[in-house]
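Look for chain A in each of the two complexes below; its partner is chain B in the first and chain C in the second.
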Partner chain A sequence: MEKKIYDKLVYDHRPQEKRGQNAVIAFLIGGIIGVIGELLVEFYGYYLDISRADASIFMIITLIFLASLFTALGFFDKWVKFAKCGLIIPITGFAHSMTSAAIEYKKEGLVTGLGANMFKLAGTVILYGVVSAYIFGFIRLIIMGGA
Partner chain B sequence: MIYIYSFLFAGFVCLIGQLILDNTKLTPGHITSLFVIIGAALDIFNIYDLIVAHVGAGALVPITSFGHLLIHGGMVGVTENGFIGLAMGMFNLTASGITSAIFFAFIFSLFFRPKD
Partner chain C sequence: MTTKYKDVYIADVSTVVGPYEAKGPLSKRFDRSYEDMYFGTDSLETAEVKLMTDSIDILLNKLKKDKSDIDLFIAGDLQNQIATSSYTAGKIKRPFLGIYSACATNTEGLIMASNFLESKTCDEVVVSVSSHNMVAEKQFRNPTEYGAPKPGTATFTATGGASCYLTTKKSKVRIASSTIGIVQDYDQTDPMDMGAVMAPAAANTINDHLNNLDQTVDDYDLILTGDLGIYGKEILIDFMKTEYGIDISNKYNDCGTMLYDLEEQKDVQAGGSGPVCSALVVYSDIIKKLQNKELKRVLYVATGALFNPTMVFQKENILSIAHAISLESVE
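Presenting the complex of A and B:
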């Protein structure tokens, strides 16, 4: 009985997250990143006169560069805290996790700190990306017969 | 028009991520891993290619495109080198992103220190 009352008290006083507001902000910020990506692709395609596939690679490198730079300068953390998944799901979140881990663990040494911890968060993306791409690539080869 | 589609698709993916983050106990690490797997799975039947063709860069920005690019690199390798090419070509298309992320993260971490 005591435990039930306690659980109810805890449940009533848990921090209220504004889920609706969070979702709208994530939608808007994520959408804006998408539009910036499309703008950059068209910009590079037009001014550097390269194919759309090459322009997409330039675009992804630009976004990674900006996210790393803003993380290093210190204000990207506040943006991520505000936009949450709006900045974590795009490729900016990948660069942010690597740069913030690198800066944070630098004081523990270049090898044991920075080197060992840089992939702490980004490593899961690469690991599960490669494993799933390998398995699904096999399935695609069997079903679709290659590219 | 492609800008509107980019906005809607990229926003929609982030919206799903935010809903998962708020309503379950999964961390951002779980969600990004899950989305990479979804992106790779959608490419078994060329679905993600269709999305990219219609939506443009809005589909390349979310982390789902990472899985999509991994599979496509592998498929290009298969056409060039046979079965072993799946492993040889897997990182072909994503190498630029991973390499630049590692390089920029290292360079910036040398010159900047944590703020708090």
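Presenting the complex of A and C:
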């Protein structure tokens, strides 16, 4: 059978992914994470009497801590399976990717296992995050004079 | 390449499974099942070694045999450098051949054993396979606790160990013939759709087997593929019809769709996979049906996606292979 004809055969038997439903769930769950983040910022700002920028950092730390804790307790992966990008795209996904890799490789030792593999998934995000921040920082400097 | 055998018999088989397989439709037919994924060991990798060693212990117990009775031990699994098989062989301390054909490993092992027995090189051979869901996920995909979303065509690596004791002494089930498959490349690149990768290999091997032996589908009560899953199964039926003009639809089933309850156990998506998947179904169910003559003749075609993550990241295609053996109930 020719490969093109086979591709068509495979395509005909491929199930339709529920893209619409997945997008709606991701939108709602991602939105809820955003709302929780905003509430935390308000909470820290009000009760600790700190600036909004400082409160944002506290909020990020809280979300990272909770996501990591829930991953370690073993049920966050089930939430991710359901919410998909709703939990992967926010900071919770970043924390989850690191904690899950750390748990996976802890048996291979602190250096050769956990240390070497913890950034297996998150490493890409960090690298390209830094690179794009650098590029956009330059653009901002040139166009807006650093303002 | 097709070979006929006169004196190759299956003395007995054994199966050990993890918690998820134990909840499936074949649950009561397995020899042993565990409730967690570590089986009392420290790591997932050593847990898989335990699965395989357990299956051999059970098998030897059933037959009242000792390790020293084994002339040759053939085993394969999915772990890097087939570590499970090597570490099991380290405990058995008998002559050992380690093999790999991904999920087609079990029939590869049975074919090798049959050839050794038929040529009278040895009298008693044990063939074992295993796979562990979390070991495979860790090695081939993402960390197990990550829970990355997967499409509906993805399959679920079965957790279990299975062993088969082959001998030249007559028993209720024999291996009548075998066909060694040819590697197929149909430009498939999606590791989340292994059914589409493997279906052409299965089709090619089934066609070769029937042609070389001058047989038709009607000579078999059942044709069984390894782990194509729901969609791969449909692809194979269509492929056989259009390419070879052979209709297998009313005699055909796939082990990947039989190991789990696809309605209840939604996590498995398109079905089970892994070297042990087809072995668990054949050993727990099909062999017993052959022993009590419910089935007379079964063509068992294990299918393997020869998937290497590095090659796929380098934009190479995923290749596949399938090896077939014909199982017969003995009069």
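The rule we apply is simple: the second predicted complex is superposed on the first by the 140 of 147 C-alpha atoms of A that agree within 3 Å, B and C clash if a C-alpha of one lies under 4 Å from a C-alpha of the other, contacts with A are read in each partner's own complex, and residues count from 1 in each chain.
Here is the rule we go by: a residue touches a chain if its C-beta (ideal position, glycine included) is under 8 Å from a C-beta of that chain, and two chains touch if they have at least 3 such contacts.
Bear in mind that the values here come from a model prediction, so they are computed numbers and not experimental data.
Chemist: Taking chain A as the common reference, can chain B and chain C both be placed on it without clashing, or not? Answer clash or fit.
Modeler: fit
Chemist: Where does A:Phe76 make contact in the superposed view: on chain B (first), on chain C (second), on both, or on neither?
Modeler: Touch partner of A:Phe76: chain C, not chain B.
Chemist: Have a look at where A:Lys3 lands relative to chain B and chain C in the superposition and call it first, second, both or neither.
Modeler: second
Chemist: Which partner chains sit in contact with A:His13 here, chain B, chain C, both or neither? Use first/second/both/neither.
Modeler: second
Chemist: By the touch definition at the top of the document, which applies to A:Val125: first (chain B), second (chain C), both, or neither?
Modeler: First partner only, chain B.
Chemist: Taking the superposition on A as described, I'd like to know which of chain B and chain C A:Gly37 touches: first, second, both or neither.
Modeler: Touch partner of A:Gly37: chain B, not chain C.
Chemist: If you stack the two complexes on chain A, which partner ends up touching A:Tyr134: first (chain B), second (chain C), both, or neither?
Modeler: First partner only.
Chemist: More chain A residues touched by chain B or by chain C?
Modeler: Looking at chain B versus chain C, the one contacting more residues of chain A is B.
Chemist: Once both complexes sit on top of each other, what is the least C-alpha distance from chain B to chain C, rounded to whole angstrom?
Modeler: Once the two complexes are overlaid, chain B and chain C approach no closer than 5 Å between C-alpha atoms.
Chemist: Output the chain A positions appearing in both contact lists, the one against chain B and the one against chain C.
Modeler: 17, 22, 71, 74, 77, 84, 99, 101, 103-104, 121
Chemist: For a test of understanding, state which residues of chain A touch chain C in their complex under the given definition.
Modeler: Touching chain C: residues 1, 3, 6-7, 9-10, 12-15, 17, 22, 71, 74, 76-81, 84, 96-97, 99-101, 103-105, 107, 120-121 of chain A.
Chemist: What residues on chain A touch chain B, complex-wise?
Modeler: Counting only chain A, the residues touching chain B are 17, 19, 22-23, 25-41, 56-57, 59-61, 63-65, 68-69, 71-74, 77, 84-86, 88-91, 93-95, 98-99, 101-104, 106, 114, 118, 121-122, 124-130, 132-134, 136-141, 143-144, 146-147.
Chemist: Under the stated contact criterion, what part of chain C meets chain A in this complex?
Modeler: Checking each residue of chain C against chain A gives 42-43, 138, 142-149, 151-153, 186-188, 193, 196, 200, 231, 234-235, 238-239, 242-243.
Chemist: Which residues, counting only chain B, touch chain A once they are in their complex?
Modeler: 2-3, 6-15, 17-19, 21-23, 28-29, 31-33, 35-37, 40-41, 43-46, 56-58, 60-63, 65-67, 70-72, 74-76, 78-79, 86-87, 90, 93, 96-98, 100-102, 104-106, 108-115
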